[in-house]
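A, B, C and D label the chains in the order they appear, each numbered from 1.
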């Protein structure tokens, strides 16, 4: 299952939250502190402008600013990949061009959305993106947002043809994930990463190359310990760390489902935790998301206190 | 059911196709000819950058070019509205700003998509857009793309508060459409338009203010006759014209469902028909859509021949 | 568009509610009174064991009892059709056999559900049912429950081959409904009925053969007047009656969406209205549906008072 | 995480295929042979009338016959549970009564389907079932069929209140599965089983009590070895066995997706494999499923040959 070509991404690659000021501008100082916090945590790569980064909420100027800050602050210490999330090929290609200019090491692209796209058109989409850039492309499988699933055969074919250099699987289809791992095991340099922060120990056991944990913003050290234990083959230690992080993950439900969407609750909770930990200056999410109220922030505080992450 | 405030949009308001060159640039001359064709057909307004305009496939530079050409070519003869389709509030607001600069008369906005947005957040989205612009805002209800439905109570509330000045209903929920018509009947200047090209006669009978027919690109004269008959109360004539257009509408299925998405088939067929009628120079759709093949174009030709639209 | 073969179903064919006793047995006397009320209202047929009859909640013994009472009470005054709603072919065929024994005039069947069924298998399903019975079969298109849509081509083919003798369309796809009407206009004796109680005037105008209005339980006289006006070509009168019924339809939202499903609210409201009108003895719905509370019943009372249906 | 109350179900509990004769009657001798094959394979329990048993396709007489044969053939060697799959509470309760009469050890019930049921109504459903039987109830979470997901909080509450005695999770939500395992870890005698045949090693590692593998019909010995290795803590051996079974699992895609649903392909392949292995007499699936053709059966043969299961 090993290959000699090094893959772009492996290990713990958090999708970095995007700190905002109260008037919804990029909070550069907070973003730099967050990046330092993640690097200090021992992460292996950083993914900017993903769903956990509120990419869908950010105008292009904000996106450009994030990448500018990110590339500068990371300064080559770990690989930086950028989400190029948009509705269809030409729009995604425009984001890729901007990301390339910013100096990222790779891009992360979904299938088209908003449109109803045939699998053959999804395949064409990725092949056209490949023709448009030299950068490594990670396919992002996120049916909850994109409303289509990237098929296992399609991904294996795109991997074999070197159209894509990896997959971030947030589909929740663990069987499909595992079949993909086996199908691409011989493809040199190909990375398969899970987007599930609750099954990192088992994903590693299955042979996954890495994880993209939203919760890794809050506790990168925990994910680094978890991944390290799994890599050493100490599955009991990995499981114990994973179970600690599962308990912490409960904070994503802090926001009342009657008042806000599940994303607003989770992203609001991540940012509240980072704020309470002193890493970012404002627990502000982008509009039109409803913010957590004081009681909900107190709930988040309880979670991070119990996880030993305060003070 | 009458009101004295004139509404921005009424009658036949086609969502204008976006002609492209073979290398996927905006084909300005074809777009100007298409606009002339639609105005000649007697349309009452024009909607650029909607779903039928392939807005989701077009980068921002293309979007800007379309509006520039459109505002110039229409030159105030009928109202021009622009789709400001994007994933969430700040991105939509950026498009509104561009559309305002281009000089459009109103904008058409959906609920957020890609994100999972709570109804309260959808309401906040529209209220924030209202705070960001002086332009009339038409809410676009398109669950097949947006994956959420705008509730009738929400729309009535936004109408009463003058947050939105109209609705384009492409939800296919005729009962909800009708309840909305009754609920907003006393709201001055509020427009409710149907996006269904197959039920224009009955929509007019229910009190709808207008229609946004994709097929109106191909046969604007037919839709103008249909609307005119319905407005005169000649329902039998309206129905006969509608049934003729329903037969013509069969061309949207020209593309093989095994090879392409339903949108690619419909938009490919509209453009093929416009090409065969000599109105646009290239029957080209934006990537990654699969184009119609020669046999499929011949199918389209059969439809427009039988409809008496060739030669 | 006319044919000489008489169709089984036309006009107003309410899906008859199933009155229950407080311990959830069939309330025979109430059902007989409800049937008398509907016949007095001037309905043209009766549909038992449909979704509005809570068929999915009733065990087979209840289903048999309903048909026994129904066939006896209707006594041939109008056609009686029975829902044979179940997950797949052999189960549906067993219900058809029971319905035939009970003496109904036709059956109403959906595509398979619970299973994920290919369109070719849906077609096979209806063809196997045809082979299993002499009774007319009405195809029931209800994607909200069945989670697949009966395609227009499939229905037209089944109609042409005399596999099915009609369609009850509750899909909400008015364009598809209309295309189906045109596609089957020459098929002798074929009925296309709409399940939407809010667009009966326009469905009649389009050429629909009838309507299956759940709200027709509450106000059959209104639907009979509406249909009669539409049939006479008095569209203004039909529309006025339809708009009165749309206002009445508001009662379906009486139940709080925070506490119960939309079906529980609508069926609870229909039964509350029938109870308040003195037609059934108990406003009881089948478990596990949450019943309306007193305030919600008062809301229903307001609707039927305003509609002039009380006292 | 251990408890002293023994749980009803643990280990490998295949959902037993239902062998049919060519005229779609229950093939008793084949079913008996299949049961013997599974017991010989070392399974820990048997689940009849689940989705893999084609329960949704079988009339009640077939269901009764299956349980009669099953209880007789198993004769107490392992626990027998029966699916009581139906649309709502009273129908499910009727199946429970039949299953109890047949002498099963527990029942497996889903949330209501076909109806649109509120979470509070789903909870009421399970509580009413509990009131109706003494038998252990396993909640079956199968959103792909039921179109709603059983929430983690709901399941934990039903477990704590002893309404349900276990969960069979076929939701594919591994994070939720794991959170449920942790939330119910202290509930005496409560079983959490995974329905995914591709992640049994990792499910065991997470603390799952057992697995319900459809593929276990074809290779029960493999699943028994896998479970045994995992239980011994020999994760490397478990993974090797799991990967062998993942390769074998490829047979579920033998049927062409253009011709049949995914269930028809998988169930057709399981039965073809059992037929080729000489365990059942006919590779017949229930209508309206499209059967595998000769080439597709040959594909299945290839899989079981490569897995060393032929001859």
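The working rule: a residue touches a chain if its C-beta (ideal position, glycine included) is under 8 Å from a C-beta of that chain, and two chains touch if they have at least 3 such contacts.
If you're wondering where the values come from, they're calculated on a predicted model, not measured in any experiment.
Enquirer: Quick check on chain A against chain D: do more than half of the interface residue numbers occur in both copies, making it same, or fewer, making it different?
Expert: Because over half of the interface numbers appear in both copies, chain D and chain A meet with the same residues.
Enquirer: Which integer distance in Å separates the CA centroid of chain A from that of chain C?
Expert: 49
Enquirer: Quick one: report the Å distance separating chain C from chain D, using the average Cα coordinate of each chain.
Expert: Centres of chain C and chain D (C-alpha means) sit 36 Å apart.
Enquirer: So which bits of chain D are touching at least two other chains?
Expert: Within chain D, no residue contacts more than one other chain.
Enquirer: Got a list of which chains touch which?
Expert: Chain pairs that touch: A-B, A-D, B-C, C-D.
Enquirer: State the interface residues of chain C toward chain D in the complex, per the touch definition above.
Expert: Per the touch definition, chain C meets chain D at residues 24, 56-62, 85, 87-91, 93-94, 112-118, 120-122, 124-125, 128, 144-147, 259-264, 286-290.
Enquirer: Report the residues of chain B in contact with chain C in the complex, numbered from low to high.
Expert: 172-175, 178-179, 182, 196-199, 201-202, 205-206, 235, 239, 243, 246-247, 249
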